[in-house]
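Next come two complexes, and both contain chain A; in the first it sits with chain B, in the second with chain C.
Entry: the complex of A and B
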């Protein structure tokens, strides 16, 4: 049986195919149309998935969509009723989107894909829950999903057992942790969707002096459920989602280009601490209510690595599984998994051990490109390539690394990465300001050999998808400045030979040459979606300060072009 | 849409005529401006229709909700003694008939 899962029309449009229990392909549409968080119908992503599976649309047995749009529309209209007449602008702006696209999913599937069977619509949070549990290594586990909002639910918890998922409780809009985080992100002068990670990074520069203010506007219960005091917010009333009462508590919002002050840092810190407290209470409650040993996490809030780490260490579960594409992109995969396993009654075959589910390119196509572009390149065998790349990284060169299938989700995990020496004290500023052209306070993560992770970090176990942070050991402070955040933590990805192949070999070679069992790993992009094709990698390489590019078995050196 | 043969023949003839460059440019500009005018009309009509729907449809619904004191979406304005805000989850069953619906 083959199931195609889709998500689109809000953000992170994507497609995924599950065939005979295996996730064959999954990719976000943004990688193809080059628009960040692209919401469009993911026709290019679907085409890739079909191609990767070696099938046509006529071989697809079911199409699963990641939410119930009519239910979501009902909630949207109710929000307009409540906010009348102040939501007029928002109504006029968004209704055409509903009428043209969002209420016509079946039509789009029939017309764009020529798929004539009825589509199956899986509830949003159920798609999230399935995206984590059904691909996890756990036979049974508790499940917690937290995001902005689906149809009505903003958070749910339940239990997974085999192929069955029981969602027990939910919390409804507008009492949403994801929305709160986005509101404060906008208040601090960042764009929603791109700014939440920045606020999380900024939080470590401040003190949670405004925690009492957040506690005033949030009634948080012991079990993690909460209510936002809606008198402080203006949902659906335009670009600004907070109001004057909110500003009386927190001060004026930060304008675009306005410098960051301690007040902004402290608000970010307070928000982050509040978020951690909420999800931690939720996790503990779920543990107590379900008695389960393991926890699966999904939903956009699960991209908050600091909160994840607190759940891991204080949430009372033995182990966690976090869907690497925890946002709405992963919901496409979840919808497909739910229809395949839970509805279709098919057993789970194997957990998802890699998120490298996107396109890859042959050496032949890469060589044709390089020759056409008159690049001076050299082709090396695996051992020589690894040795040469490690040498360059050790020499403080910045290396663009393009290998294998692209990763599904927002993280680059060694297939579409920019790599650098974590020991170079100037590397963070160089990468942030000169190469990636982003704010200087943004930290970088590290890819570290699993067997050596506790040599440098107060961390044990596995972190394959860079969704956890760890404290750097006091005796190692100062040795890896490029991946050390202001609070002496780092976001880490642990590597194993079985899972990470040549990327593991590269870091092991770097370790042999330098004594450091890790390298700095950041996504291969520059103010655009992560590069998808060799041509895009070459373009990013040409236009940035990256010193050297490795595509498949080829090394391209800027100095020789 | 299939046109009668004589008309098709005439159209083919017209299409095969090579127009002088200034005329071609004029035709292109007319096409461009027609498209822009069309989009503008569409926007105006859509805005007017949506305004009417909002004012009358949403407005009357709002009025009715106030008259019958109907609360929607569980808005909240201060702490209360509730032990929890978790609600029982509904509609998460793997029933195929339910999954075909968007409600």
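Entry: the complex of A and C
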């Protein structure tokens, strides 16, 4: 059986295909149309997924959509009616989107993809739950999903058993942790979607002295459920979702480009602590209510690495599985997996052991590009390529690393990455300011050999998708400044030979050359979606301060460009 | 059913070697393989031609997705005797097109091959193997109809490109066959470098108005207007591709498409597929290298180089270079012209001509 999963029309539009128990392809539309978090119908992503699977739409048995649009529409209409007349302008602005796109999913699938059967709609949080549990290695597990909002639900928990998922409880709109995080992100002068990670990083620079204010607007229960005091918010009234009353409590919002002050740091810190507290209470409750040994996480809030790490370190659950595409991109995969099991009655899909599910490019196409762009290059065999790249990183060069299939989800994990020496004390500023063109406070993650992770971090076990942070061991502080955040933590990705192949070999070689079992890893982009094609990689390389580009088996040196 | 190749002569004493652009200043675009031929092709200070410059100025090249192709096919699928007519020359591109139409797009195609007397036997063999393996209906049409026109074109020293009137003829034939056998689509094996994809929905996309073709197209039209008067069999022969299309559309509103415009696969991928699945192979010789064109094509290419300093294959290869399918070096290598004179003589002998007629 072959199922195509889709998500779109809000953000992170994506497509995924499950064929005979294997996740064969999954990718976000933004990688093709080059619009960050692109919301459009993922036509290019679908075309790629089909071609990657070696099939056409005629071979698709079912199309699964990640949301029940009419249910969501019902909630939206009700919210606008309740908020009338203040919601009127927003209603007029958003209705065309509903009528043109969101309520016309079946039409788009039929017209754009020529798929004749009815589309199967899976509830938003059920899609998230499926994306976490059904592709996890666990036969049974508790499931927790937390995000902005789906139809009504903003968070759910339940239990997965075999191919069955039971959602036990939902928390409904507008009482949403994801929305709250986005509201404060906007309040702090950042863009929603791109700014949440910045707020998380910023939080470590402040003190949580606004925690009381957050407690005032959030009625938090022991089980992690909560109610927002809606008097502080203005939902469905336009882009700004906080109101004057909120500003009375937190002060004036930060305008774009305004300087960042301690107050902003402290608000970010307070929000982050509140988020962790909520998620921890939810996880504790889910553990108590289900008695399960394992926990699966998905939904946009599961990209909050600090919160994830606190769940892990509390130790109620023996292990976690966090869907690497935890946001709505992963929901396309979840919807496909859910339909694959419920409609198809198939056995469990194989666990998702990699997120390298996107496009890859042949050596021939890379060489054609390099020759036609008159790039001087060396073609090296695997061992020589690894040795040469490690040598350059050890010499404090910044390397653009483009190998194999692109990663599904927001993280670059060694296939579309910028790599650098974590021991270089100037590297963080160089990368942030000169190469990535972003705020200087933002930290970088480390890709570390699994067998050496405990040498440098207070961490044992696996973190394959860089969705966890770890404290740097006190005796190693100062040794890896480029990946050390202000609170002496680092986001880590653990590498194994079996899973990470040539990327593992590169870090192992770097270890052999320098004695450091890790490399700084950040996504291969500059204020744009992660590069998808060799041409985009070459363009990013040419326009940035990256010293050396490795594409497939080819090495291009900036000095020769 | 391979037969001896009738045109290959061995032991030729002379070789005709012509470099691209020779006789025309010899400057070649540093980004593609087109020579500078003013006024239509001009190089800037960096040696980049105006066509490459225009391409670079494009914000984004137009997108042609496979889903669009399927959308077009599905509108007429199952409503006609055949879903499409596939023009098969036995080359890699058209054989792959037939393979994709049958297996990938699950169509009921009619394969159609013509031979104007200069097709290679092993190319025809490729078609026969493909239609047998795929189990598709097949029409093979052999004719001497075009021979007199070819002969007149060469003998008159016209600068018309032999392939141009030929393509007007075979497209006319394809429309007639599509009408005769009730096929709503004519499928060609055109690559991303051939024809104008922008017109995919409306016509076969004749490209005579592109600057690279303008001089050639004018000469072709001149030849057709002026040199066919003594040949009554061509009284109704269309004088331009546009005329042919206009006439054909009145008779049968077929849409001309190529799956290669919509697929991300390059020739290196689909050659592998048809070799494995259809037993396809390259012909012993062809111009450019790695193609499977008819033998008269050697004369056509030779004369184009003589008259313009490049061929329509240089135009196609240049597009492929721009689109990243082919490296410039590879293109130049494939387009290198090194023809055995006795082979050229053998081809011309079929028209009662000799190499003196093309000097």
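We adopt the following convention: the second predicted complex is superposed on the first by the 559 of 561 C-alpha atoms of A that agree within 3 Å, B and C clash if a C-alpha of one lies under 4 Å from a C-alpha of the other, contacts with A are read in each partner's own complex, and residues count from 1 in each chain.
Convention: a contact is a pair of C-beta atoms (placed from the backbone, for glycine too) under 8 Å apart; a residue touches a chain by one contact, two chains touch by 3 or more.
Since we're looking at a predicted model, the values are computed, not measured.
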> Overlaying on chain A: chain B and chain C, fit or clash?
Replying inline: fit
>> Quick check for you: in the superposed arrangement, does A:44 touch first (chain B), second (chain C), both or neither?
In response: second
> Quick one: angle from chain B through chain A to chain C, Cα centres, nearest 10°?
Replying inline: 70
> Which partner does A:57 contact after superposing on A: first (chain B), second (chain C), both, neither?
Replying inline: second
>> So in the superposed three-chain picture, is A:120 touching just chain B, just chain C, both, or none of them (first/second/both/neither)?
In response: first
>> I'd like to know which partner A:111 touches here: chain B for first, chain C for second, both or neither.
In response: second
> Of the two partner chains, chain B (first) and chain C (second), which one does A:535 touch, if any: first, second, both, or neither?
Replying inline: second
>> For A:368, using the defined touch cut-off, is the partner it touches chain B, chain C, both, or neither? Pick first, second, both or neither.
In response: second
> Which chain makes contact with more of the residues of chain A, chain B or else chain C?
Replying inline: B
>> What does the superposition give for the shortest Cα distance from chain B to chain C, in Å?
In response: 8
>> With the touch criterion stated at the top, can you tell me which chain A residues are shared between the chain B interface and the chain C interface?
In response: none
>> Considering only the defined contacts, which chain A positions touch chain B in the complex?
In response: 68-71, 74-75, 77-82, 84-85, 88, 91-92, 95-96, 105, 118-123, 125-126, 153, 156-158, 164-175, 219, 221, 223, 225-231, 338-339, 342-343
>> If we count contacts the way the header does, which residues on chain C are in touch with chain A in the complex?
In response: 31, 63, 65-67, 70-71, 74, 104-106, 263-264, 266, 268, 321, 324-330
> Any idea which chain A residues touch chain C in the complex?
Replying inline: 43-44, 46-47, 50-51, 56-58, 111-114, 362, 364-365, 367-369, 371-372, 535
> For chain B, which residues are in contact with chain A within the complex?
Replying inline: 46-47, 50-51, 53-55, 58-59, 61-62, 65, 72-80, 82-89, 91-92, 94, 96, 99-103
